[in-house]
Every structure is written in structure tokens, then in C-alpha cells.
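Please go over the structures that come below.
Heads up, the next two complexes both have subunit A, just with different partners, subunit B and then subunit C.
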Partner chain A sequence: MIPALCALVLAAADAAPAASAPQRLRGDVIVLQAAEVHVGDGTVFKPGLVIVQDGKLVAAGQSMPLPAGANVIDCGSATITPGLVDAACQLGTSALFGAAEQGSEVIPQLDMWDALDLYSRDFEQLVADGVTTVFVTGEASSVISAKGAALKTGGPIADRRLPAKPIVKLTLGPESSGRGASNRGPSRFGGVSYSTRRPTTRMGSAWVFRKAMHDSIAFRDAGRASNEDLEPDAMRALADVLAGKTALRVQAREALDFFTAVKLADEFGLSFSYEYATEAAQCLDLLAARKIPVIFGPVRSSDSIFEGFEGAMPALETPRLLAAKGIHFCLTASDGSGEGGLGRQAGLAIRFGLDRAQALRSVTSDPAQMVGLDGRVGRLVPGLDADLVVWNGAPFDDTAKPVLVLIQGRPVLDLQGKFRKENS
Partner chain B sequence: MVLSSLLVAGLLAAASSIGDAAAVRGGTIVNPDGSRVEKGVVVIQGGKITAVGGPETPIPADATVYEADGKVVFPGMILAHTQVGLDIPNENMPVAPFVNVYDSIEPNSAEYEECLRTGITTVHAIQGNNTVIGGLSRVIRPLGDMVEYMTVRPDYAMKISITPRSGFNRMTQMAELRRAFADLKAHVEAVAERRYEEEQKKKEEKVLVVPDEAVKLGMEKVTIDDLDARWRTLWRASKGEVPLFVHCDRAMDVANGIAWLREAKLLEKAVFVVGTEAYKSVGALKQAGRPVILSGTLVHKDVDLLTGKETEIFVPKVFADAGVHFVLQPNGFAFNADGLLWYQAARCVREGIARDVAFNAVTQWAAEAIGMGDTLGSISTGKWGNVVIFSGDPLDQATVVEKLLLEGRLAYDRSTDRRLKELSTGQDLAAPSAVPAATAGK
Partner chain C sequence: MLAIPLIAALSIASGPPASAPPRQPAPVAIRVDGVVQTDGAIGPGGWIIVRNGRIESIGTAAPPPGAATFEFVGGIACAGMVDVATQLGAPGQFSEPSRAFTPDVAAADAFEPDHSSFLAAARSGVTTVALTPGSDNIVGGRLALIRTRDDHDRAAQFVGPGPLRFTWSDAAFPEDRLPSSRMGAMARLRELLANDTAKTAGASLVSAQTSDQIRTALDAFTASNRPLALLQPFHAEEALALLPGRAQGVVVGPFNLDTAERETRLPKQLADLAVAVAFTANGDGAALRLTAAIAVRSGLDPKSARLGLTSVPARLLGIDGDAGTLEPGKRADLVIYGGDPLDLAVSIQMVLVGGGAVAKKETP
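Let's turn to the complex of A and B:
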């Protein structure tokens, strides 16, 4: 069984464009051996090894002949998983004058890439958490946000950006109507608040979306602007949403906002994925019936039984419930890191009943697939980027953490000095 | 009698009367000293542990037996310094040794229910840190409908803060602290002088000594009844009769605190409640030899003033490496793992601290910090029967508290925890619509 699997893996390696069989490897080859290798699709090799060359994964399996001259790194009793992927990250943007645009509520023509600070310390923290790929979604204080951007959290700056599918975000509820604490603007200079922004109600947010869509349809059909508030570029970008060329994401915490999102989507014949989804447990049947993908989270330390944003707090078993209903979902840490990071989100999901293998998928291959990057990241299969995490225990356990992180084959975190030793 | 009043509907299953025996059988008994007993038996009689041993340990015929096959049996954990369940834990007056946390404890607080759900059997309820001299604290069980029934140790300790309360500076803080004790001294001396004069009058003798001498002669006649409530607690504290929980947020506060405690000859009564930056004073704290309660944050971010470079220090590791007995407390009080005391212990293990040390920091050392090291903190003969039945390794992500015995009585049972089910699934089980008639009977 196992040798057969390995043969399969090697065969796949042959088929992959950037890969070749181990005996034909060229250049720097890194082999990582560990007690367990979790591929990220449910497959686990015990013990396992992965072979990396030229930033790509060449092979993963239980045992196979090592290529001559390979740099073999023994990770001992550790576990290797794919690098984690966050499909709704809110970190890495410049803190001041970053992503909270005050000029308009509808900014789908803008690109989050322009608000990212690749030198932000957020990325170091993400790497320390084992997160290697993030899709940074638009800021929630816009009703229709800028397009999200996908990037690696480490490695050479020039190699960071990834070609994710275009996604804009509609935010419903308190963030976009300017009341929430998360309506982060340039707070030092007055901030974004109901006194400086419209809309100021949930109805207002829905109206801004409707009006923008109607304007965009009119612009598309008549070829000229009918709304002096909305730039032609914004309306062109919304036309892409209507045409399905740009995907729509909806951020909403409360169930009532989710129902509004469904109404709005129906009005314009749109489909959407559902971000934040604090009260997803209240909408399970509708989510399942409509096959709406869910990007759930984060569960924050402040989401206690005693407080919650607007009284909304996630049902603790939400990931398990989503899985049980067969709803396509992944987890996000949003702007959380460290104790609130993506690994912890997976750990909490496990704590509250989610199967461990699915928990791993929900922070690797599932989010990669949701942002159209499953051909690049999210699994340890040949041909994908060699983004991987070595954990000094079971992944997501409270007593374990990432000790070695590779992005495109390069070490970006090396707590035990494995690579220093190899190079000395 | 008293214990029977502890029954809380929905939490206490299978009520039995005091004096009944209980036994936990078949689980792995894990103690903070590192010892383990496989398929162990714990016998509790009259609220106290009377036997701990292997499967051969005899169980009294009348004992209620809790089966724990495949489970981990762990001592009840202790919050050695907390404001959970307190209604407004900070007093506005800077020097208020006369207040009593008794008046602030909210027995019906959901936070006490949460304590049981998360394996905490003993709570030291003490005023917040935003004070100069706080009032008396109380060690309680997190169960009961009146403070009297919850009480383990009444009027136990006081809070003294070396770190300035919000809006004030360190010099003012220390000046207020010193002045409070100087005021006390002046007041007690005046009382002593008056007492001497009264004694002389009783004996129909004249007061022939100078005031200083009268104070000296009268001082030994002063009893607590001569002082009004404003001064009593502070007077007892000044004589070293009250443990002092000394809040020192920063390392410089630790230094100031130790200096003041030495000056007041009260160092032996101190328990240090420190912030993350206080890791820098680990040497002084070790030398002081007193328990240290760490901030739930655990990680200190040091920013280099010149380069702006940030370094993260895992604070418990510093104390563990120095051999200081430190105590953990949860960061906030949230339902998810952040709010779990054992999650803090797991974080310690993640950062390279030995498991035994991490276990001690939530049990035995916490018990010692509240002066109950001989009574609580481990599963040992003679100690109180506070026992947690965990579903597995207490440091595992997925482990939960299945049952909890408080002095031998079942105080929490996960299988009947309706609120937990609601929190987990988001369904309101009390609402009629959540229980369709067709399935209600199942």
C-alpha cells in the first residue's frame, strides 16, 4: 500500500511541470525527514519525507531513494504540514492611511496591493504562526471594498505577490455603517465615524450596494455615467462582478446581515462567499441549500460568554457544524496573530469537535482553493510551491508551535537552526 | 449542612448528603509533583481525601463511585488572584483597607459556573490592582448562592499596589502608601496615649509621664476593639497578621515594593502580583523568596529605545529557569482556550517549560500562594477532595472537564451542562422551537 502510494507520488512528480524524478534532480535539493508528513488533503506519511528543489515541492512520501548530494535535514519527531493559508487576512496593511478609504463607500476599482506594507512586522508574526500565504481582503469600512491581494508572507519581496482571483468584498452590518469598533480609520486624525461617513444604518449599507449595482448596470447598458458620486472605473469594476469575472465576498457577523446578503445577491443574480460568519450556526440550512462557501472566524479571546461584538458570538462548534452539513468552509484569523492566529483558530475548531484532518485542510488546501491558488499552495504535492511548516509536536496543539518554516524552499523561520547547521 | 446549600440546580447532579464517601476509579491520577498512578483510585470521605492508590485500593461500600477509565484525574485548579465574579472590583478611594470583597462577590455570576466548567475549584477573590491599599479578600468555592456558603477563608488578604493607580505617578503612589501607615501609627499612638490616661484615671492616679512615655505604656493595652473599622484591617496588616498581595506591574515597582516591604518588616507576608516586564527583576524576586503570580499575558514585548527593535520574552520561562515558584492566571476569562488556566500551562510547555512545573503553576504553587499548600493543590491523603476528571491529557487541545468534585461532591457534570450545549451550537435549548415535539422525548 505504502510503496504503491510512493510510486504514485513519484509518478505525479514526473507529470508535474516543474518536477522530475529524484534521480534526475538538479541544483540544490533539500530533503526534510520527519515523524509525520501531512499532505493537507487527508494523506499522512508516518514517517515521511519531502523533497524540495528550486522552490517547488518535488515529492512527498513515506520513503524513497534520496537523490545524491541532497541536503538532508532530519526533523526527528516533528510533523510537517503545508504552510498555512489565510483567505481573509486583514494584516500587513499600512496602519495609517492604509485601507480605510474615506473618499467613497464603493471602491472596487482600487487594489489592496497598494495598501500593503511588505516590511510590516505583521508578516514576521504570520511566519511565526506558520502562515505562508495570505489573501488580504478589502477593508470592512467600505461598503464595497478594494480588490483583495494574495501574497507570500516571507521570502524575497519580488517573489511575494501571487495571482489570486479578483475578489471584492461587500461589508454589511456595523463595520460599514460606521458604528463598530472595527471601523478602523486613521484614528489619530479624527477617525472614521458616523459623523464623518455615510451610511449610518444597516439599511444604508444595503442601499449603497444596490445603488452602486444599479448605477453600474445603467453605465454598462447606456455607456455613460449616471451617478456623479461613482467613478466610471468603479462601475466598470462592478460590471465585472455582475459578469462573474470578479468574485463577490460578503462580510457579515450577524445572521440578519447574512439574510440581507442573500436578498441582495438574488436581486442581482450574484453568488458570493461568506466571510466572518459569526452567526453561521444560525444559518446552516440556508448555507447548505445555497452552497455558499464560508470563511469562518476568527474566534477571538474577547468572544467570551460575557461579551461579544453587538452581542454576536460564534457558536463554539461552528466549524464542526459546517463540516457536518457538508458546507464548503475554511478558517481565518482575520487580523489575529500569535495566540489569536490561524493555527489557534484550527486548534479551537479541533477543541470544539472538528476532525483534525479537516482542521488542517480548513487552513491549507480549502482556503487556497477559495482564492484560486490551489494550483500553487495549500498541499504538499509535487509541483506546488515548497511552502511548509515543521511543528515540534502535533500541529495546532497548545503545546506545539512552528519551529521551521519554508517559503518557496527558503527558510523564513528556523528556531532550531537546522539550516544554519547544514550550511556551516 | 453548609454544603447542602451549595446545590445549584442543573450543575449538581446526584445529590448526596455530607459525610458520604466518594471515589474516583480507573483514571490516571496526575499530580503536580510528576507522580502518576495508572488505573488509580481516589477515596474522599467527609470532604477530604482519605486514600490515593492503585486499583487495589479499597473503596468504602457506601461511596458514590465515579468511573474514570481512560480519563485523567487531576487536582482542582486554583485562581490565586482574581476578580472573577466581583461586581466592580476596584474601589475609588486610594486607601480603603476597610472595604471587604465580601460585599462585591456575586454568587450567581456565570463566571463561577465557568470556573467549574474549566476545572477551577478554588478562587481567591481580591480587589483589583487600581488602588493603593485595598480591602480584605476572600478565598471561596465557585459554587453557592450566598457568600457565607462559598467561603473557604474569610477576610484573608489585602491588596497593596506599588504600581501607581491610573492617572498618578509612582512618587505619589509611594507617598500615599507611606502616609497611610504613618496615619495609622499616629492614630494608634493617640489611642495608646488615651488608653494609658484612662487606665490611670481608673486607678485614680495622675498622669505624670510625658506623652511619648504615655504612648509607650499605653501601646500594649491597645486592642483591636479600641480601633474603629477604618483602622482595624490596616493595623492587623501592619503587625503582619494579613497576607499582602503586592501588585508590581514593572520591574522598578518590584524593587520599590521589596524595599518598602523590608522597611515595613512585611516581606514575609507578601505575595507578588507582577506584570510581564517584571521578568527583569527575577533575581530580586527569587531572593525575596515569596510566591509570584504572573500576568496572564505571559509574553513581554521589549522595544529597544534606540533601534525600535522588538524582542519577545516568554515570561514564565524566565521564572522557571530561575527556579522561582510562579503561579499562572488566565488571560481574561473567556470561554475559548485563552480563558482556560490549563491553556496557560500548555503555553508554558510549548515554550520549553517542564510539564511538572507548568502543572505546579496552576495547582500546588497556586495553593501555596494563598497559604493553603497543605490543604489544596494535589491529590494527596489529607487534602481536600477537589478533583477534576479530564477527558484526557490536561494540556491537550481537545481535552475537556467531564466531571468535577468539590470536597467530594459532584459539582459539575459536562453531560448535563445545558448552557455549554447552547454555547457550542448556538441553539437556544430553552426556546420551544428548538425542541421539535416529535423529537422532544428522545
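Let's turn to the complex of A and C:
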């Protein structure tokens, strides 16, 4: 068995174009066996195995006949889950001049893909956290952001981009009105310019959104630009939002801004999903009644359960409360990684009462569904990408971490050398 | 430096100097012991016959009657050097940073034909240069193709407009100018590439440094079927694998004895990937040769190094039909070295630009 395995893996490694490129076992069948396999939709196989071929998942189950010549990797007492998916990631953008476009407050014609640095170390960290797919949303310093972009966190550069549905983000509250990290306040001595930004108030952000939508409607109906601040491409992109071709996301931390978002959406007949949502616990009934999906987080482990800036309703318990209300939600780590990463977000949610199976769903299949990628990632079912994480303990426990991560069947993290060992 | 007296015209053989009406200059025959071939190797020598400013034959014919003849024992003939990124004659005049996108700015408008630096470049063995807009703008403007001497050896000569110069590194994103993000710039770059119908041969010259700058530049240019050459991509080892088949070449230099090994080994890494390398040193032939020699010391094969001084930059500028190699029919832009051009102990014996002798070392 073992010598055959060696030959197989060695052959694959020799065929790789460069030493740094992870070997792809094209055509070969990989079988991973583990004590538990969590499919991501609530199903668990104990023990379980998954079969991978050509970067896709072929099967997952408790036991089944193994294909002849399969490359079997025994993960022992480990647990296998789908690769994690973050639907509102803010990592990976080009450090200096990536996404903070100061040219306009309204930039839905732009594409966050163009702001990404695929060589950023952020992606290595995300892989180490078990996150294999991210949807990078627009920068919060714009009132209406660029379209988000979905990508794999590892593997060949040419295979990274994913066809997520187009989503632009409306940011209400302080980030878009001048106090965000990427903005500068207007100078006390000079006028407002693109480098000092407007709006400068909460009401200003709402005004910019409302005016942009009205201008877009006028442009759509009359065919000519009435707003000297907006490029025609921007107004066309907003017309897609009005037509439902591009989805709307709203980022707001405080409940007040959420209520403003509902008001604005109603004015233009729009639906939206709700990102960040720190004070979602104050809006549970409205969220449930209007079936607004929530991308919740991040919370910090330092957030007090007794008092936080959000007042008496602790953010830490929000996932449990959302679940209890039957609100469709997922978790995000936003720009957090490592101890602030997506796995920790799920761990905190479990500690504060969220069911384990739902916690897993909230970082895999639910976020995948929210960005239109549930046909590609988020569950260990046949036909989906073979993106999976092997945990050396119970997933999301503080004592466990990913030890092997595959993206499209290729090892992108292999702490125990399960792939490497057979190479040497 | 070499002490090279200027010969205004080939007065030995062609009579009165060039104030007379156009005339057929006498053919020139030069005997050398080696010729740098189109593959960069040094091949056998013989007589090189030049007529009407063009190479007529190499090693296949005897000097025609009435030819001015020169013989260089141990001499090796090579195409004149070509430098794709210079600011000769007008340093500081090639940067117009008022806007991020200035595709209509033309380096030709800052060209001063009489400037002494072109003569110095010619004497050092550089026969064609491009004047190149600087790195302050995302699109800095159009290169100007310049022969360092005209056919009468009177001044430098504008040949035509070259490709566009782009800067995709941080230098093109000052804080006080829009667009302020690469995301915003990318949208405008795509629009410009799609709409720029100016047909110039050659490859757009793109400054990109980090791996991701290179990736995004390659994506934008490939999507619009635009050839590009990268300028000084020194922090990008991860992205080198993206270059084959997508970048026409890479321009590096100048190297000197203090240049970090991380930079000097780039030519070899590129050659291993079959990506063409051109050298640049602001039109200074001695510095170009030093750059090529240091690249060889860091692993580049000598053939690729010789091509990096001549045919690769000519191809990147789109003038390889006329310059960059010694072949019958091409312009007689050639340099006779005392040996291998990569041997810095060897001096230049003679420089011809368009068949006219710009410089010739006195021989006893």
C-alpha cells in the first residue's frame, strides 16, 4: 500500500511545473478518512470518508467501496468539514492604493477584484484559519461601494476567481461619513474636496445614497446624465441595483443605521442583506418579519457580555438570538484573522449558545448561499469543489486548529505533512 | 572613457564633406574576425559590405571597387545597441504629472536633436534610443524613437512615435491626484486600452514592481490584446511564472557593482522562463555593457546578454525590421569592438550609424 502511494505522489510532484506550486493529483483519486465528516448541512458521518477527484468532491459518507488505486489518507481521530466561507471579508486588498477610491462616494461601476493583491500574506493567514473562499466586499469609506469579488484563498492564481453574484454595499454610519480609517476629515481651513470627502454626517450618507438612486432613475428614464458627480457607468450600475440584477448589501453597526437602511430600501423598492450588524439583536423582529439575511460580525472575545458600546444587548449572544428567531444569517470575521478569524467567530457563537451544527453552517453553506456560490462551495456533497479542512479536534474549539486544508483537491496547508510525508 | 576622435564624414574615400547635394556615398567594407549573429552567438568574421546606409553582405563578398576599407584584427562586429528607456537631451522634461492619464503627451516634443548627449551615446555604441516619459503618471505618454545620428552625422534624428509608457507602481498614485486607488485606475486603464486606436508597433512599456502589480497589468493588457514589456520588475519573483507568453520582454538596468544580487539575477531567472530581457542605462553604452556583463556574472548566458543589448530592445520598440541585428538589408547601425562586447576590457573600434562613421579609433 505505502510504496504504491509513494510512487503516485512522487509522480504527481515531478509533473508539477514549479517546486512552489502545490501538486495536483489530476486524475488520481484521493480518499480522506477521519473520525467525523461534517457535510455542512447538518449531516455527520462517524467515522466518515470523502472521495476527491480532479478537484471536485466525488462522494462523502460513512463507508463505501473505495475506487481501485485510490490514494488513501488516514486522518485518524480528526474531523473533516467543508472549507470555511466568509461572505464579507475585508482582507487581501492591495495595501497602499487598493480599494479606497476617493474619486466619488458612489462607485458601483468599479470591481473589488481590481483592488485585490493575490500575493497578499492575508491569504496565507486565511488558509491557516481554514477559510478557503472569501467574498471581499467593497470598502466602507464609500457610500455605495464597488462590486464585491469572490475568490479562493489558495491554489494557482489563474483558478482563484469565483463567479459570485454581483453585490454592492451601502455603508451607513461613521465609516462612510468621514471617520473611517481610509478617510480624512475636511480641513478646518480648506474647502471640501475629494481628498477630504463628504458626506461628513449620518444624514449626509443617506442623502448621497438617495440622490444617487434618483439620478440613476432619471438617467435610466431620460437617457442623459443629470448629476455631474456621477459617471454614466456608475448610474448604469445603479440601474442594475434597481432592476435587481445587482444585489444590495448594507453595512451598519448601529441599529439606527439599520432602520435608515430599511427606510431607504422601501423608498426605492429594494431588498438587501445586512452586513456587520453589531446591534442586530435590537432589530430581531424587523429582521425576521422582512426576512432580511444577516452577515453578522465580527465580535471580539474582549467584547464584554455585560456592557459594550452597543449597550445592553450583547453582540456575543446575537448568533443564538438570530437562530432562535429563524433569521437567515451567517458569520463573518471581516478583517480579522487568527484569533479574530472566522473559526473563532463560530467558536464564540457556540460558547454563547449557538448550536454546533448551525455554527458550522453559518461559516460554510449559509455564507456560500448568500453570495450565490452554493453550487460551488460550502458543503461536502458530490460535484462541489473539493475544499475541505481537517481539524485536529472538534472544529472551532479553542484547542483545535486546521492541520490540513485542501482547495480544489490541492493541499494548501499541510501541517502534519500528510501529503508531504509520502514525498520524502 | 575611450578617446575617440570624431570623423565628420568618410573623407578618406568620399571626397568633399556633406554640404553637397545628395549623392551616392561610396560603399564601405569592414573586415572583422567575428560577427555577433542573430542568435547572440559570435560567429565567423569576414568582410561586411555597407552600401547606401544598409548592410549588403556579411562574410560572403569581397570589398567592391572604390570601397572605403577598414580592417580590424581581432575585431567583432555587433549591431548597434538600442536603449528603450532614456531621457537623453532633456532630463526632467519627460514627466508631466498634472494628470494621471496623459496618453496624448509625446516625448518627441521634448526632443533636442543637437544635444551633445546623442553624440555621446552614438560614440559609446548606442545607435537607437527611445525617449521615454517618466514614471509619475499611470499613462505617461508616447515614446519617441530616435537615431542617435542622422545619415549625415549632423544631429540625432526622430524616427517616429513609439508605444505608450505606463506606470502601475505606487509612484503613479500620489496622494493629491485621482484616481486614488488601483481599483479606480483599472477601470480607466481598461477603457483607455480598449479605445486607443493609435497603431504603433512595439510593446507598451509598463513599470510594475510587486507581483500583484504585474499580475493586474498582465491581465489588463492581455484582455485587450496589447503587447507589453515590463520595466524594472524587481520585487516580483512570485509573479515571474505569469510572464511567459504574456509579456513581450522585460527591461532591466542599469546594474553597477553595488547592485543587489536579488536584482542582478533577474535576467537569468527570466531567461530560464524563455522571457526576453533587454537592458537599459539611459543611453550610455559603457553602462549598458556593464549591466549585461553583471547579468552574465549572475548567471545569464552570454548569447541572451548580447541580444539584450541589441535585438530584444529593438523588437520591444517595434523597429526590429530595421535595427537590432546584423543582417543583409538592415540599416548599417553597427559597432566594431576589439573583442566580445561583453568583455569590458575591450574597447570600441568603430561605430557606424546608417553607414556613416560616427567614431573610429585611430589605428596605426
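Things to note:
The rule is short, and it goes like this: the second predicted complex is superposed on the first by the 366 of 424 C-alpha atoms of A that agree within 3 Å, B and C clash if a C-alpha of one lies under 4 Å from a C-alpha of the other, contacts with A are read in each partner's own complex, and residues count from 1 in each chain.
Throughout what follows, a residue touches a chain if its C-beta (ideal position, glycine included) is under 8 Å from a C-beta of that chain, and two chains touch if they have at least 3 such contacts.
In this text, all values refer to a predicted model and were calculated from it rather than measured experimentally.
When the two complexes are overlaid on their common chain A, residue A:396 makes contact with subunit B while staying clear of subunit C. In the superposition on chain A, no contact is made by A:287 with either subunit B or subunit C. In the superposition on chain A, A:352 makes contact with subunit B only, while subunit C stays out of contact range. By the touch criterion defined above, A:316 reaches subunit B but does not reach subunit C. Judged by the touch definition given at the top, the superposed model places A:94 against subunit C, while subunit B stays out of reach.
Touch criterion met: A:102 reaches subunit C, while subunit B stays clear of it.
In the superposition on chain A, A:299 makes contact with subunit B only, while subunit C stays out of contact range.
The touching residues of subunit A, counted against subunit B in their complex, run 121, 279, 281-282, 299, 301-306, 314-318, 321, 338-339, 344, 347-348, 350-353, 393, 396-401. Per the touch definition, subunit C reaches subunit A in the complex via residues 170, 173, 175-176, 178-184, 186-187, 210-212, 215-216, 238-239, 241-242. Looking at the complex, you find that subunit A touches subunit C at residues 17-18, 94, 96-103, 107, 109-112, 114-120, 146, 157, 194-195, 233.
Listed in rising order, the residues of subunit B touching subunit A in the complex are 110-111, 114, 299, 310, 331-339, 343, 346-347, 349-350, 395-398, 423-427.
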